[in-house]
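In the two assemblies presented below, chain A is common to both, partnered first by chain B and then by chain C.
Let's turn to the complex of A and B:
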């Protein structure tokens, strides 16, 4: 049985799978293309944790599937397995030991995928689509955290059909991130809540949004001692806020910066502002990558407050990104993010996942 | 259901009356749901409406809004912020101002009237409606407008409004006549009772004993002829609903210029080019429930400032001595010890968002909804996403929600037609 369904495969339909045209704008950065990408927009990407040897990438898409590839050291990607939901997949995450993958979907369920046996089992149920899923590994418990558009945040022990805990949120969950013992959830109507996860999850603080527009993505960063100390929050209008939880000097330490905008220097024409679709922090250097609707990715050093690099423009928005566990690989997905509604959706357009060597480009400016 | 009966009894006062009345079953259900804290069904229904607003592609979009608002009123009997009713009304009303076909649609006109009644100054809204030709052929407009005049004690204008309606040929004609006649009857009765009151030597049992009118401003007795001011934060919402019964419009307080404007109204209706050019309809719904926390330091006693006046400009000094209690003397200006720049709570509401003139406020909102470009004075920026879809209902949607809606629509359509799965067009 074909691993990844019937529509795509090596050399089927579509052009440019292996670079038939030289300066095709679908891959201006000439990065490695992942083979057998999903048939519809990619909503999320996640690399395997360090506990597992090798690099495995999972990606969820709007074609209701989750795919897993092995990324070999020579850059080759090998499709490994695939699972389906009954609705588009919105988020994926790995367990800390790398044996399980958790997937969250519009079908209001979350599933646990055991990679060894290639079996899935449903582990969570919500009243609305589940937008975020994260694995929490605490000294005294382990669980899954799911954030949904039904305005609840639920915690699940995978062995039980009922949630261990359910927290009510003021609005629908739009994005979340977890770095033990901290979790951040950004909701609709610019809500922002920080949770602390020690002993059991509880709401720690509600923060007034540093941004003026809809929240779109969030990522927690750590300090020099590898403790979570703040987060980066991206909005729908080309801006990212860096926010520390307990800074010595909030007015000076917290800041926002513009990104994913066009015509920077040319003031004659209006500046186009794009949504920031995802933010990822480099696991080693602490620098961050942002990807946007404009089809570019950028690397930033938040401590030096500088931009490290901006890519060329791809012909589609970049919808997801992530780093592998040692920070050598940066994966980003090129597909339509629905930023302009359904009129601009072309189901025939191919979707891509690219891999880039991230070892050098994300080194911070002031190397200590 | 027994608990719900009790529930209704217990919170009768909080249930806002509807002109068309409430169905008892809907009321029971709404109260039960609220008591149980059953938010999910509520949320789903709300989300369903929000999606329908964005996905609708028929030729009567007003219908979705009307149903949504109707459901909101039935489901949230106490009104309040959670229902988003005022937001919905405002959006619905603004969205179709340019759409001529709805101008005399009775549903649309009724939305406008409801919106007007929630505003701090319904007169403004009615005048705007008339200037724009919204509802000028509907009796409902004239009836509500005249009611407003009557509430303010301006019977002459109330009558004139009816005459205007008759002149325009507002439909339904007989309804207009019935209300007009009722008004005239009330006017007569009032004149009669005031005449007999003057002639009154002995006490008549018909005449009212000195009754205290509810929710009116208290008149002081005794030597100090001062009056307890009614306080509102920000002070521009002159009164809440319910205080409209007896408006002490006399020159005791800063006289409302609205009254004077009325008398300037020229005789003929509806073409009134002498009106100020309305670039946008007035706004300002009852703002006291929507207030974000802000500095109180600029608010001075008495607080009856003219509607639309920015709080930054202190209201003019009153002509009388404000009543001050002997023992407790609050300072006229509350010193602001917290530096708003540091405390993010107090600075959450930026100065430019303070009560502006209604028109300016509305222009901003219209721009947000309809145009793509944003003028922020410095550089022109253009958002490269579908703003209208994201912001169109009472709450915002994210791209994924929009897409998910379309996915479900397509999915259910496929299930209904039972066609095999094909990955073709949207």
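Let's turn to the complex of A and C:
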């Protein structure tokens, strides 16, 4: 019996083990299925921070809900709680102490979800849907950063209804990432802005996009000393750019690579190029995972500039991914991302979240 | 030692009759003098290889081996080092050598007493044998060195050439020695077919290696030869490149301290000038690091991108991207609301799986009526479709509650959370009363751990609490 929501028929026994037929291509990688997944496309996933014991996964969906599961060490997933917005949820994040979850929605609000009390409270308001939400923990302040399609980036102290700061952006926010003291926002029209967060957030630099197509996802990576040093930017054209903020040799250190394309060797038919829906960096190894509209995920080593693995093709696009705090678990969501328009949307089609053991597959290639 | 020696003499070049100390040098000589393309200066491995290269690449035929003596210019004879020399020529060479040595001996002997002729003559030939047996061993030595690294080479560059995206994963573990030599990455951002031209510009790469790649592809008998040469040639290269592996991520302060914020040189400035400005203005710790990084960078500037070109994009420029230039590139500020700009999603070689409108997938989807938010964003608080009433209650937030937390609380326990949130809601009393009777009143202010939600009265899920 499902513990969530009303109308899902997918009431598994809560063991989290895939049980469908072998010919079904919804889980070709035979990964662990999360129980009670949302009823509509999953837009975002986030694992709890290391300050909390255990692994808790939250996921937001186009069914207006945010769900929380506990992921146990044996791989079983236990649904824990759920909260609602009045519009599709586009992003989620955790506070640094793991006690709060922040959610951003098309209903132009962001909410803080106190997990201990299972209560939510609205903490942000925009003029348009909020696409990104991130928690910033600085030595002298803490706040929430929200990026919206209303072209503003706002910073909120959760105790006050008015933003601490509001920065104007050139265009609608499409994706963002924060690793203190750096924040990167990619906007419509291929805009790309880096912010520095020390003392207070301010715009640091606007960067000419290394990509020629619409930006879709961004993730900051760190150097060996765990300081943010650059970011990976994905576009709708099956390409990811690795960009360092202050490289010794930009022409050599920055590069792009193609991914999530079909027909690798067959040049007779036109190649299908899929969007990169999300990028995540492994917290320990520094290698990255990309997931795309083609229904595959790939692991890459950006320093060795090699691909580590590509998965089999799922029957739906993969819309979100994330690693847990120690990098042992890779979670990815299989649901429709609208890449083929509304004609291919099937509300009856089940959405899935899969968990995969990521300890071995993301080890970097040995340096030569 | 028990082998029948084919050579019994020092290595010599069949094309020009010159002698060499060992076969390695002989091969280098042949490649530089006889197997070098006069058009592009690429060094091949054999005569036929050179002929094929000129035909395929330059569409030119060559008549004979360059710099060869008359009678030894046959382009079709496959000679590599000492292998492939026709037996006839070998014997002739031996005879010539023997004649020379005998002449030398006779000259010396003529100076001696004639009584000692017999002994000397017997001794003479025997001197040659130990000498000649030593040399073949030395000459064989290079060939017996392990050819592990280059054996996969015929396969690897094959893949890189065609730029197949998915084929690399298996290769990197096999090629620990090769990557520094592979030319795809270092030439910069957009190399492609240019496996060949970059070889000349790349100092750290052994020039011998890359040109060897095409011949095996077209010319199979040449492979065993090629497998033997690279170990000797790449070995000197490897230590150099591995030592100088750079750390592009030497930690400098990511953002200069807030006061210096605008002074950073733009990222497009040259590496050296940006290092100078950084070291001038940054904190001491970073200065030390930058000094170190400056050294590292200068020492490793050229081989820095030693990593292999296995990212598929690298070997092929983005033909698809070029063909698919979005129309939005030209218009940075086009408003999207009324008439979205469109993408060019289809070209001859590729097809972008994305709707034509140049807005994000989420924006497109959010326009649908089914995803419209139930509550308008203005100040009204009207409740949307009230199946909520049946579901476990949404509660009016404020006055009745000894609120520890001010503001709107949304203890939503049904699929639709009705409370309007347009009002920032931090002002208690701003909320109109709700129409439906709250069937149940979960004592949320007491904050018991209450994880589970359903339309039923809140149920504690087994073991589930924070």
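The rule is short, and it goes like this: the second predicted complex is superposed on the first by the 352 of 368 C-alpha atoms of A that agree within 3 Å, B and C clash if a C-alpha of one lies under 4 Å from a C-alpha of the other, contacts with A are read in each partner's own complex, and residues count from 1 in each chain.
Note that a residue touches a chain if its C-beta (ideal position, glycine included) is under 8 Å from a C-beta of that chain, and two chains touch if they have at least 3 such contacts.
All of these numbers come straight from a predicted model, not from anything done at the bench.
Superposition model on chain A: chain B and chain C are shown in a clashing arrangement.
Of the two partner chains placed by the overlay, only chain C lies in contact with A:252; chain B stays clear of it.
Taking chain A as the reference, the larger set of touched residues comes from C, when chain B and chain C are compared. In the superposed model, A:73 makes contact with neither chain B nor chain C.
Legend: residue contacts after superposition of the two complexes on their common chain; A:202 is shown touching chain C, with no touch to chain B.
Using the contact criterion defined above for the overlaid structures, shared-chain residue A:360 touches neither chain B nor chain C, since it reaches no partner.
In the superposed model, A:225 lies in contact with chain C only, and not with chain B. In the superposition on chain A, contact of A:151 is made with chain B only, not with chain C. Chain C is struck by only one stretch of chain B after the chain A overlay, and of the options 202-210, 382-390 or 418-426 that stretch is 382-390. Taken together, the two complexes place residues 7, 43, 62-63, 87-88, 90, 106, 127, 129, 131, 149, 171-172, 174, 188-189, 214, 216, 236-237, 250-251, 261, 267, 270-275, 293-294, 337-342 of chain A in contact with chain B and also with chain C.
Residue ranges on chain C touching chain A, taken from their complex, read 162, 164-169, 172-173, 176-177, 179-180, 185-186, 188-189, 241-242, 245-252, 254-255, 257-258, 261, 264, 266-268, 271, 274-275, 278, 293, 297, 301, 304-314, 316, 318, 320-322, 324-326, 328-329, 331-334, 336, 343, 346-355, 358-366, 368, 371-375, 377, 384, 391, 405, 407-412, 414-418, 421-422, 424-426, 444, 447, 449-455, 459, 461, 463-464, 466. For chain A in complex with chain C, the residues that touch the partner chain are 3-7, 43, 62-65, 70, 78-88, 90, 105-109, 111, 115-122, 125, 127, 129, 131, 149, 160-161, 170-172, 174, 181-182, 188-191, 196, 198-199, 202, 204-205, 207, 212-214, 216, 223-225, 227-230, 236-237, 239, 244-259, 261, 264-265, 267, 270-275, 293-294, 300, 303-310, 337-342, 365-368.
Put simply, chain A touches chain B in their complex at residues 7, 39, 43, 62-63, 87-88, 90, 106, 127-129, 131, 149-151, 168, 171-172, 174, 188-189, 208, 214, 216, 236-237, 250-251, 261, 267, 270-275, 293-294, 337-342, 345, 347. Of all the residues in chain B, the ones that touch chain A in their complex are 39-40, 43-44, 47, 341-342, 344-345, 348, 373, 379-386, 389-390, 395-396, 398-404, 406-408, 423-426.
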